[in-house]
Amino acid sequence: DQPFTLFGGLNVLEDRDLALSVAEQFVKVTEALKIPYVFKASFDKANRSSISSFRGPGLDEGLKILQEIKQTFNVPVITDVHEPYQCQPAAEVADVIQLPAFLSRQTDLVIAMAKTGAVINIKKAQFLAPHEMAHILRKCEEAGNDRLILCERGTSFGYNNLVVDMLGFGIMKQTGYPVIFDVTHALQKPGGRLDSADGRRAQVTDLARAGLSQKIAGLFLETHPDPDNAKCDGPSALPLTQLKPFLEQMKAMDELVKSLPELTTG
Amino acid sequence: DQPFTLFGGLNVLEDRDLALSVAEQFVKVTEALKIPYVFKASFDKANRSSISSFRGPGLDEGLKILQEIKQTFNVPVITDVHEPYQCQPAAEVADVIQLPAFLSRQTDLVIAMAKTGAVINIKKAQFLAPHEMAHILRKCEEAGNDRLILCERGTSFGYNNLVVDMLGFGIMKQTGYPVIFDVTHALQKPGGRLDSADGRRAQVTDLARAGLSQKIAGLFLETHPDPDNAKCDGPSALPLTQLKPFLEQMKAMDELVKSLPELTTG
Amino acid sequence: DQPFTLFGGLNVLEDRDLALSVAEQFVKVTEALKIPYVFKASFDKANRSSISSFRGPGLDEGLKILQEIKQTFNVPVITDVHEPYQCQPAAEVADVIQLPAFLSRQTDLVIAMAKTGAVINIKKAQFLAPHEMAHILRKCEEAGNDRLILCERGTSFGYNNLVVDMLGFGIMKQTGYPVIFDVTHALQKPGGRLDSADGRRAQVTDLARAGLSQKIAGLFLETHPDPDNAKCDGPSALPLTQLKPFLEQMKAMDELVKSLPELTTG
Amino acid sequence: DQPFTLFGGLNVLEDRDLALSVAEQFVKVTEALKIPYVFKASFDKANRSSISSFRGPGLDEGLKILQEIKQTFNVPVITDVHEPYQCQPAAEVADVIQLPAFLSRQTDLVIAMAKTGAVINIKKAQFLAPHEMAHILRKCEEAGNDRLILCERGTSFGYNNLVVDMLGFGIMKQTGYPVIFDVTHALQKPGGRLDSADGRRAQVTDLARAGLSQKIAGLFLETHPDPDNAKCDGPSALPLTQLKPFLEQMKAMDELVKSLPELTTG
């Protein structure tokens, strides 16, 4: 019942200056609102629709930028990994390393991540039921790591659509591990654009409020100063100008719901 | 942005005494919490799984009980109709008549309901997308009735499961009509028991909070003093003993979210 | 393992002359191919998207046309009913009366149909799992009628789409009742047009072949001489000019699959 | 319109002797039936539910067994790869290398596979629509490889279930590339057992017939001499004793449907 943590930043490290500028604004707003904060950005978008899509600066250059952000602003950082060889170097910089949804069943990657000792954020795959996340948790535990987070990001619903099953939060919380909500990716309409996913960022505040209503440990949020020109997933990104009023709402929601008693209705 | 209205009571009019007793408790709690209230109960369960399932007292006897509740407690009442001939008599007692989800496309029933002049609560069918509700609204308008409510109650998700798409509330609100949330039926697991639906009433508070987070006009709620022995849909019913603390939470949620400004993020 | 029966004709009785002309062509083709045949058309489309959509001639006029077709061509006929009062008169003309998918849970309608003694074609609702059809069969049996047919017509798959689960045929066949396939409605894209369903009639032959591959008792097929100008569901209708080559394929499929032995692989 | 090719064998290379024995039986049956044949087995199950599940002999040992089968029986072989470094060695033995469904969006893996020049079998992910496969085909083409196969294996349908959308075959065939059907994996019930997927192998013949009815280029089939004791996916495997009668049916289906003319119904 502690306040929610924000994992927020950019979808991808488009360039160093943008990343530093976005981090600065997140730090400023979250300090003002007293929201625990972790900077998020990817060094590589490894599963884009097109071979010519922008992928990011890559492992080495990306980790340098993350390191600079970490030192400049004294904040923890989170980034995602895609192959076992990336886990160790990523964990030397990142406080939290993230298991991508599509890869959440890949045993070698899970084990390599677990062995770093870093906190692991496990994205729930679009094709998994909430109760199936227990298998992935157990894989990590058996590899010697129990610093784990579960992250909801929507479930396949017919073709080219995702739906967030609010009842899944409660089921995943029963594992005893913290559960967070990646509202940005849950807004995607996969395959909705000619060469990439479409998104529903006009509804980001509504969907985030619904997620926070479930007494969760954290919110995962991607933003952009100019979503229409973002290099990846702009259609789902919160416009950075709205960060402060957005987080004010989320903090109010979180404080309220965590003050409400649990009722026994089963 | 007015406070939410509660449509609450029993799934079915099991007998007169139970109905009066449940109504009394709802009236007492909603008065104390200053929540606008409409008593709900069905006179006939017309689509149960089994021919031998309990169906209720029928139209004549049911309307008598509803009339008594209305007069005794000075509250409006809502009940559902299933065939055109029931609309006129139902509307003579009920302030709101309800179009069942499975029947929401039946033109003759829609027209007969519209012609009564009563307020109509339109349940969204499990097989309809939120934007498709515009067709049913237009049917009612063309039949001369624009006192309409849209009611979310979950969408088919694979076999024997329902999911509530939180983004649907916003889409339905764009019609300009009030949108309410039937949390009880959204908790059903259709076909989940040998002869009837199963339900997830242990999660009713969580799911109701998520619905209220969407700034909606009302909540639809079925309860029972002894859910395990209810004659219909007990697995989804809120235990009546929890009504007051449940509504206290919902009122707090509703007040908070309606105090939050709309953000422009599109 | 008998040859499949064809339930075919028009979506709706647009007018007498069209109905007679379509029936004539079906009779000619099915006699030539020795396919058992039942003429199908609706007297009323009771659940169209719009109040101003064409609904058909109504019960009295529609039954007259069906009676004329029955006598002129000496074929059995099938038509669908929507309210209990229609069952008796419909069954006086129609050999098979049909329970619409959206109404397949309405107990009073099921009982009224059962009591006529006519054969009942039960459309599987888009929101029901194959194994749940056992409940509806039992309702009919308990009302004294065991002359029953189960009819697959697709299942809700996300918004505005239907999918046919081929494994459902086998599950429904285990009830011991004949199972048929309504390929035309399975081709619908519900809500896909501004005011009505879209359809995928370009793929009708492919989907029908898949259905026939499951050793089923019958095929349900709507056609139109000019699908683009049909008054209902033209986007899913087989162009009547293709009836003969279409049925030649289906007959070949049916004969082949029913000659293949059952394998024990469980 | 050529006869279908069979990609068949074992889920995983449990041990050398079993693999050789299974290959021998496949070769014998497919030669007798004149069905073009490719031996299939995995050297590593990289995404099992549990860390303690059997994974197979690994890359080196697995390729040795595949090489022995290739030489002994003079048949092409197919195997799946999971990380870029595996592609080159796998392609030195395997004629066809397979992109796993969960990994079908991983750009680096796709490129590494493409660069080997081997034929690539692209499994359609459970979360992708048929028309989205065009993106993956283009990725391969842009990496210089157009020897591509698309493989249907079912789509997420609610939780813990897969459904095969028969209309997807036609959509994928429009790409101009050969489309095959992995009937075994389409029979899975993901997460259906405590530690692994359940399956519906009792229905393998039915589902395979439906797939073959779509005029496809090939069938993908996993078998086991003793499915109840298979080390992976036994619940979906065809019992090897049924291979010959099973393939006789499939060949008859394939020959028939490919002899039927295409009809213009759009």
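Miscellaneous remarks
First chain written, first letter: the chains are A, B, C and D, and each begins at residue 1.
Here is the rule we use: a contact is a pair of C-beta atoms (placed from the backbone, for glycine too) under 8 Å apart; a residue touches a chain by one contact, two chains touch by 3 or more.
What you see is a predicted model, and the numbers here were worked out from it, not measured in a lab.
Considering every other chain in turn, the ones in contact with both chain B and chain C prove to be A, D.
Placing every chain at the mean of its C-alpha atoms, the farthest one from chain C is found to be A.
For this pair, chain A with chain B, the centres built from the Cα atoms lie 36 Å apart. Per-chain CA centroids place chain B at a distance of 48 Å from chain D. Put simply, the C-alpha centre of chain A and that of chain D have 33 angstrom between them.
Chain D has residues 155, 157, 159-160 in contact with two or more other chains.
By the touch rule above, chain A contacts chain B in their complex via residues 155, 157, 163-167, 169-170, 200-207, 209-210, 212-214, 238-239, 242, 245-246, 249, 252-253, 256-257, 260-266. Residue ranges on chain D touching chain A, taken from their complex, read 46-52, 55, 82-84, 102-103, 105-108, 110-111, 125-129, 131-132, 135, 138-139, 142-143, 155-156, 159-160, 190-191, 195. The residues of chain B lying in touch with chain D in their complex are 157-161.
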